[in-house]
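First chain written, first letter: the chains are A, B, C, D and E, and each begins at residue 1.
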């Protein structure tokens, strides 16, 4: 096997591991955990190698599955954008896998190996969606990740079933809209390969075709449902809140981000800049909608009293950031969106991990769990604080720089509403997080000021290490923004923007 | 009107798919009973399958299995317009499988809901959650 | 190009050195002496690193060091020039003094969580020097935010109800303004001009629309709310819940001075004095600042809590500095730069005294301090010197800077500003001198202190004497700072 | 096996009508077990329609899955829960 | 809710009606959908894979990657249903009516199924083996096999059936099927070609075309095994509510 095979290994390793875990993991949980770690490390390694390869050559990698030339066969196409997202997916999956050991044991009563099987399948689905260059293959992988996430979400704490059911209905509507949209493209062009579609859709006749336009709208609506873009976000908060810790750590950062990636991929690799911003005359309205999403998500987050639910509404707001940025129709906005995929995934991961550790240790998920956490769990709370800073957008965490680009994009096109919404949500986030940090720092003030100090009761090292790595990544990525923007993000800006 | 009628008639497959799709969509959103929602979901999916399949249809063609395909090489010249388009069929085989998988998962979750809430009527579930 | 007498990376090192001390301080949690040793080591290292650059800068050079490109087109870079050097020197030398003082204060009161205290102090100082040496607006903003956050644990050190509300106010004001006003203003500037570098000409093209400039100017001025411009001042009295060394640092060095420093930097480096004068936007600045000066002085008169009175005094003095910059005349800007240094030494003396009184007697209110001069003569004498400096009377450094401010006002031919300066000086005298008078001159019956009350511990007294002495010294030898200020105005 | 439009046109419309009727019935009948059975009929008719559109493989699969297994699964679930639906 | 639903439905309907304006003529052999990729498949599949059933050839070879994930979807569904339903602590007693005992009550049913099941299974194998030449293939064969077990479980009872084909065996079979599929793909990878490039199998002594043909057969077998196991497993779990005690 040569270096050329790395793209497929990103997918195949977790896929095979899923079956291996379901076959052999039943005997001992440790074995299942070991297999999971091995698979995720392998996948991450392959993703990293792929990224390096892309960075070295600056040409997209085409991998022909079954050796068939596209458009007759399916191909994987790895360019800068999805090499980065692949690394992100497999990296987050690896960190969460390491982190999962104590919480899975505590929260999943039996059949841990099936849980890990689904974990691997979900990662396969996400990575596959990112890597593929075929519009229909994307649908199949969308369904794999959807099905495995239904299962993982349903195995949550308490009563997650109704929330999951709603998610199934919404998810299916989303996926079917996507499929229908692809059908419209197919009926007009006769192909499913993205590059081929791009070539064919560039023709004047296609640009004018109303079928193609409606196909585009359907695809976008489908993807928006999947990414919980306001006002299609209703399913997300309940489903994620009730999920078990590991599930939310895996799904919350990745699911929406991968959907955003897919949106970008379809906007610029299937359709074109001229089509998306020129033929469809609505990009301004979509930015307004995104601003609304940001405001609504932030305000809802402010109203929550449950840590995880609050974070889920923040995700809704962050989706607004990214959709808005992508539809600003300028380079800064788009660069901000791409960079925000990276930074938002990491900051959500850090926050969900920290909150998971706090819930794991205190057994509470309300704000009361935060009281005195600084003394009890200093490392965890440090991670939480850093994650919060990143969400607020305080330099030098990466959250600041993505916001920098997004706001700049807004200013350049004069979308003041979007700029205002971004700043507003920064402020709301600041309130949200400092309210929590205050609780964590001051403890319970209502009683006797300096009572007996709580004992130090930190989460186990398996949880701490991935948390600290993620938090460090927030700052490191922030400091290397220029590198990342220059070597990855700017390559993803499509020509003509 | 004179133009309109052939317009409708010519695409009756599409209209059928459309009607089924809308029935399914409406059912998924509006039905109160969760099992009904699941059935609506199936209808919705099969409507899309119908749409795909009907676009692979060609007038005057036959099923996409080559008639004389027993040798190593089908040496005879093959006229593509004689056979129905196989690609939508392939895609829809996958879609059917996805559909039945989703159905299975949805039903499993539904049984769980019934076990926890004792009902599968949405309004009653919402009531019991609020309590 | 002449050989640099120091490493090119010295500005970055000067910033990093106190950050490097953080892990050392954390690890020597259990051994207070070692811990404070690290703090001292970092403080001295920082001071000497900065001092090593001083001569080169005094010779009329500037030094720029680019750490890394943080965004395409904008780098994390440090520029050492006269103004930055002046501020850095003040800040780093006062850190040494404050460290001595805080050891006395914290140990004297047996405060909790001293390790955290010293760590945050070190981080705050890094950020302060970062602001001082910031080569562009983005770098400045980054360190500005780090400073806001790292001082939060200091402000809320007591972790009680009062600290919580004070801290809440502190962060609300500082973060909401910096995110809501300064950040968009910076981005708009960047989008308009494509540059965030400080240059004496300013970055805006001459034909920029005046309404836009006005809005940006207001956003910047109120965006850096650390400067305490009214009406965004009320976090400052609220932050008085902090331990006194923190208040001293906040007021004299780190926080508020960073605020005015940032504003003056933006006024001189982003807008450019010439542009301000040409568009007569400086009048707007002057009006805002003058309002602040007068109102805060009046409020200060009515405060009984000594630290709160000092806080309002600080608000007024900060506005002096902005007023000076707003004059848009060379002398005025020089004066305002000098005032940063002079007021720093004077005000820190006053705070040290307030803290020393609290350590020795536990008193916070002015009405309880009658006759204290007899028990704590050294402290109260230093307090007297500090007051003179802030009021602007000889023989203290404050006179020098006020002199230039007044000259600047005359140069700019804005005589009403002159009146503002005079009026506020009277008010300053009115709220400081009675304290001193009543501390020394009162009948035996009025004196509220037992005989056993004596001076605060030596750790507390030495710093305040030192800073008072420096204040006096500046009156006689203002030359180095004066040169730096002149260069800051001309050399760029 | 040539496609004779004149013959199958009416046939097509007939099946389509029945399919739509089945779809509506499956969603309106109140007895859930009946719903499941009607769902099976729906699948079967659909499968006829597809055969007639020459998608033999798809029709085969739908016959086995839609009319067979799916119906059984729906039935199995319907029997496990309250049979009557409110709408 | 109903009004909103109606509104949404009508909006979507309007959108879709608009879309139809621009469609190519229905049933046109030269519409883009029929004229671009599909002629290639129709003309070349026999030549390149020796499979006359074009659908099978495209399904398992040209788009074999899709089909692998399709099988994975099935596997995933099976695992999901199982992990959701089976052996969890039940709060309320089961809500089904107790059914009368079945022993001896349905001789006709049992005899009929005894006759039917072998025929079904042989037919399933036929469908699998002849998937290259006639409609059918791994998926259909798997469903028929699964249905034959369901029939047995219906006519006898679930416990009898599970005694022959235990849940663990089902699980192993389902994983095995996908492993066969992905394994053939990985084998091609190990043999130095791309993933799922059956041409690499020619090292076993086939011509390249036959390597494709046999590769297709191999993966169809994998599909059949997984589908069979999961279809039955779905039935078992859903019909018994996860308790495996009684079926319908």
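For the reader, a short list of remarks on this structure follows.
Note that in this section a contact is a pair of C-beta atoms (placed from the backbone, for glycine too) under 8 Å apart; a residue touches a chain by one contact, two chains touch by 3 or more.
Everything numeric here is computed off the predicted structure, so don't read it as measured data.
Chains touching both chain B and chain E: A, D. By number of C-beta pairs in contact, A-E leads over the other of A-E and D-E. Distance from the centre of chain C peaks at D, each centre being the average of the chain's Cα atoms. Between the Cα centres of chain A and chain D there is a gap of 38 Å.
If each chain is reduced to the centroid of its CA atoms, chain A and chain E end up 31 Å from each other. If you average the CA atoms of chain D and of chain E, the two centres end up 19 Å from each other.
Inter-chain spacing, taken between the CA centroids of chain B and chain D, is 11 Å.
Across the assembly, chain D contributes 56-57, 61, 65, 69, 73, 76-77, 80-82 as residues in contact with two or more other chains. The residues of chain E that reach two or more other chains are 16, 20, 23, 31, 33-34, 37-38, 41, 53, 55, 59, 63, 66, 70, 73, 76-77, 80, 84, 95, 135, 139, 234, 238, 241, listed in rising order.
In chain C, no residue touches at least two other chains. Contact between chains, using the touch rule, shows up for A-B, A-C, A-E, B-D, B-E, D-E.
Taken together, the chain D residues at the contact with chain E in this complex read 56-57, 59-61, 64-65, 68-69, 72-73, 75-77, 79-82.
Taken in their complex, chain A has these residues touching chain B: 136, 139-140, 143, 147, 150-151, 154, 159, 161-162, 164-165, 168-169, 172-173, 176, 179-180, 183, 186-187, 192. If you check the complex, the residues on chain C that touch chain A are 68-72, 75, 112, 141-142, 145-146, 149, 153, 156, 159-161, 163-164, 167-168, 171-172, 175-176, 179-180, 183-184, 187-188, 190-191. Put simply, chain B touches chain E in their complex at residues 10-11, 13-14, 18, 21-22, 25-26, 29-30, 54-61, 63-70, 72-74, 78, 80-81, 83, 85-91, 93-94, 97-98, 100-102, 104-105, 107-109, 111-112, 114-116, 118.
Partner chain D is touched in their complex by these residues of chain B: 12-13, 16, 19-20, 23-24, 27, 31-33, 35-36, 38-40, 42-43, 46, 49-50, 53-54, 56-57, 59-65, 84, 88-89, 92-93, 96-97, 100, 103-104, 107, 110-111, 114, 119-121.
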